[in-house]
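In the two complexes below, chain A is the common chain; its partner is chain B in one and chain C in the other.
Let's turn to the complex of A and B:
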């Protein structure tokens, strides 16, 4: 069959890679998750569902899901609202529009590692002379030890503002693209009906942005779920990672690859649970969109 | 109202630019000024000799790690575009009995973010003996189901007349793809290519896991190691960070059009 050969010529190399680097790892992990596998990636002793039972009754793993929930509760709505606000502001001006759009988008060029450096050692370095503490000082407030203070947990402010700075521009671009797809006729009709600007926003802009909004919310949620870089770099020190504020991937990283011994059995069980959770959310979202 | 908008935008713009300024400022001052008792926006003196100090410090493998990052980003961008565009074209345009099965095989991976499966991938890659190896850094990131999917959607809307003209000239699928489809899709390739490059340059978790020897560190791993251990002077760390962003700032300025298109393509259409 000639088409078969042509098809595999195009798709074959990619499909083979997907098999080896996505399907085989997941399959292998599924296998490992039923075994005891310490400091080795070959299954040693069959333990049935014990790794899963350990993970689901294990305080640290469950509290990592709690940490993710707290982080998501802050970062998802804040990014959504502020990115939409920036998009509206930028698309309502004409003079210097490209300049403002570029400025807000520029942090996308920055890695989480570099942003963590600025946040941890410059803005929120906890010294009296740190930028954030200097600003607090203007209002007569005492300096705060941002990244190491747990009551109240000021480190959340550090982590949330960092991610906001890095990702707002990206989502602003998505909202701008969504706004541009709204037909001008709709606004003209609304104006004819005597709609005020907030009414136009409420009854034209928001409903027309529905597809964009759902996509943005899902991307934000998945992004928060995978949070690792800024947690690792802002809170990690040469003495290791503190026992608090461990989102799922940080927890998995230290379980499977940490200095305390590599535990691939529990690490794999954790990866399987996280994968099932995210697949579940994606499927639910798919259903919500199709409706 | 208009003035208010500009006021809000200007305040926001300043807030967005301050972190960039801090990277450069802290990189070009004396160490004593970073821990000075009170903070000043403008440093009292700019020390250009910090550059010589940084590049002359044998304890900081900045050049080596930048070269590693560049090699990884270039190979990943080129490899991902090649493999995923071929796959996307095959799925979009070559009728085949099992094409649907293969398509579901690809789409199923879209639901699983690569970062969530870093432990499983590490298990396989370490079995292959690719730890601290260029192959381990580059190859697992080449097979993006998402990029292949985006290429398929794009090729589904590619004008068929162009392909039919090529067919009449006697070109097969392979010749049509390389002589007609690719040259007419440069914008799309550029858009996805810029995104792949930026993502690869900035990625951290996978290089952290796989690049365990100092010689294989990417620039993000190098910066992170010195940041968490705080084993070098803070101003050197900031200057190294400034140097590490420079390639991307150039990409951003030179390719912004494609970048914006890439963001909208990858963000929404998926």
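Let's turn to the complex of A and C:
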């Protein structure tokens, strides 16, 4: 009895919050996706699957999905490899390990918005006095409008470095935790069998990190499709968002909440499609990795 | 995951806390009318509007100041019953169709003829007025006289001259023109159409489904590729920083920047409308005005209307103070703007003249966000990626046509 009360005392507020702030909105948006819900959240005109059909033939939405599949295809492996490399380096050094661990982890504590503004306004602004352009200036190069130019698309450099800086440390910590769980005897046995360091990594470390790797890949993939903050803050202006590098969530944000054109039906349908896509890709990937 | 969970529990905690406290600070909860403003950048505006509200004797009024993405916040709050009773915005056809706004024709009375017709038109949908214009804002081209004299360039009176001037004024450390960090597509898309005698929407039809539109937007591409635009400035086009710091010879910004520019450059600058493309077009300046509106979901519509009438129709001294004491706006009422001494000196007087002769609605009620997004996307692709202008604009016109058909039937 007392156990039961304690259980609800601890779990209740959280469960209630989850219900009110997560599950009810999810259900509501599912409902809205079947209605013509322009400028209202209590629609009356049922349209069946029309919103879905519209979104699946909607050029900008499809192109944003395409762009972000490409974005995921390279940000996910890149972050994975770099985070693993960092974790291996940090766990192998014998001095000041805690210091390096903290230093690499620290950017994770930084807000996406703050980091975006630093990247956009001080490092990669288009003026001669911007940090990146100052460095270019030393080599006699002309200043580059990093976040404006689309050919070549320098904005990807800004966005990818920003995302790497912000999230590498977090995934590094996950890998370090994984590495610490690998029993030392495995390495000793491998060494006795004559394994060199690459072989030890290939046949001991990597297989032992499988669970961690799956988790990291999943989180990275979901993170890539859910990109919003840094894109919105780096590329968005008061005149809206440009048609390139537009994450699906930003497109949906403008569809559902843009001033004057609140279209919750199409916005919700797009959100459901995006969710299904993430779930689908995640399941496929889980299957592929587990074999 | 951890952070999301923590955020959730924090949100839960703050909701509990908020439920305990009163948010009006006046004690008599539910008695005060709620009035919303977006956050004006000029110091003193917030204190001023709070002072006006306090002076209203009939009903207590609580002023809420809303920093950040005001449009989205307002649009969302209008859906629920918890929104403001009175707020400032520009009416959108879609919100009128959704029954979110109260017609205010009866609030005007005799004063209607005192408001500038072109401004009133931007607040009118299907013959009814939904907002009482508070302050007129406009955008125009600022140019640095000394840079022009030095380079032997005349202020441009056609789009070709503008492109040419931008090119000739670009030297090592100075660029010819700054028109926004997106390369000008965002703010100059409308002016480009107007320069060719076209428009966003005209008589319920798409106004830019015309080969001339491609030519006009093509000029923006020419500007972008000429290397004479400043790109990636720290402050965007709405702030005059690039212009007053001498990074550019011309900048597209707004009337609101005049005091800051005068302070920095004295009389070493002039202002121009966006020039005409050809003889069929006209010079133009985008003009818009926030108006006081009443929420149709308010439980106290009559009281809200009374308050709007008092504040923006009867108290003409407040309108004068609001427009001219802090930032720099044009009072929408002719009787006030005509006697405003601040608006009779040179650059401001030019701006008033542009508004009279060349005004174009920057945000007409039937130019919805779907159309705006399609058009801005098209312009951005033409300007930045070099996409073919005729095909892009044709596609955008298609989207706009569907949307107009949905709205007007």
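Keep in mind that, in the parts below, the second predicted complex is superposed on the first by the 251 of 291 C-alpha atoms of A that agree within 3 Å, B and C clash if a C-alpha of one lies under 4 Å from a C-alpha of the other, contacts with A are read in each partner's own complex, and residues count from 1 in each chain.
As a working rule, a contact is a pair of C-beta atoms (placed from the backbone, for glycine too) under 8 Å apart; a residue touches a chain by one contact, two chains touch by 3 or more.
Not measured: the values here are computed from a predicted model.
*Asks:* Check the residue A:217 against both partner chains and state whether it touches chain B (first), chain C (second), both, or neither.
*Replies:* Touch partners of A:217: none, neither chain B nor chain C.
*Asks:* Looking at the overlay, what does A:127 touch: chain B (first), chain C (second), both, or neither?
*Replies:* A:127 sits against chain B and chain C alike.
*Asks:* Applying the document's definition of touch, where does A:254 land relative to chain B and chain C: first, second, both, or neither?
*Replies:* In the superposition, A:254 touches chain C alone.
*Asks:* According to the stated criteria, A:41 is in contact with first (chain B), second (chain C), both, or neither; which is it?
*Replies:* Touch status of A:41: both partners.
*Asks:* For A:22, decide between first (touching chain B), second (touching chain C), both and neither.
*Replies:* A:22: touches chain B and chain C.
*Asks:* Check whether A:60 is in contact with chain B, with chain C, with both or with neither, and answer first, second, both or neither.
*Replies:* Touch status of A:60: second partner only.
*Asks:* Name the contact category of A:147: first (chain B only), second (chain C only), both, or neither.
*Replies:* second
*Asks:* Considering only the touch criterion stated at the top, classify A:9 as touching first (chain B), second (chain C), both, or neither.
*Replies:* Only chain B; A:9 stays clear of chain C.
*Asks:* Is A:243 in contact with chain B, with chain C, with both, or with neither (first, second, both, neither)?
*Replies:* second
*Asks:* Of chain B and chain C, which one touches more of chain A's residues?
*Replies:* Tallying touched residues of chain A, the top partner is B.
*Asks:* Intersection of chain A residues contacting chain B with those contacting chain C?
*Replies:* 13-14, 17-18, 21-22, 41, 121, 127-128, 130, 237-238, 257
*Asks:* Spell out the part of chain A that touches chain B in their complex, as residue ranges.
*Replies:* 1, 3-4, 6-7, 9-11, 13-15, 17-18, 20-22, 24-26, 28-29, 32, 41, 86, 89-90, 92-93, 100, 102-123, 127-131, 134, 165, 169-171, 173-174, 177-178, 211-212, 215-216, 219, 222, 225-226, 228-229, 232-233, 236-238, 249, 252-253, 256-257, 264, 267-268, 270-271, 274-275, 278-279, 282-283
*Asks:* Would you mind writing out the residues of chain B in touch with chain A in their complex?
*Replies:* 2, 5-6, 8-9, 12-13, 16-17, 19-20, 22-23, 26, 34-39, 83-84, 86-87, 89-91, 94-97, 99, 102, 105-106, 109, 111-113, 115-127, 139-140, 142-143, 145, 148, 172-174, 177, 198, 201-202, 204-205, 208-209, 220, 223-224, 227-231, 234, 237-238, 241, 244-245, 248-249, 251-252, 256, 259-260, 263-264, 267-268, 270
*Asks:* List the residues on chain A that touch chain C in their complex, please.
*Replies:* Against chain C, chain A makes touches at 13-14, 16-18, 21-22, 38-41, 60, 121, 124-128, 130, 145-151, 237-240, 242-244, 254, 257-263.
*Asks:* Considering the complex alone, what residue numbers of chain C touch chain A?
*Replies:* Touch list, chain C to chain A: 5, 8-9, 11-12, 71-72, 74-76, 79-80, 92-95, 97-98, 100, 173, 180-183, 186-187, 230-234, 236, 238, 247, 368-370, 372-373, 376-377, 380-381, 384-386.
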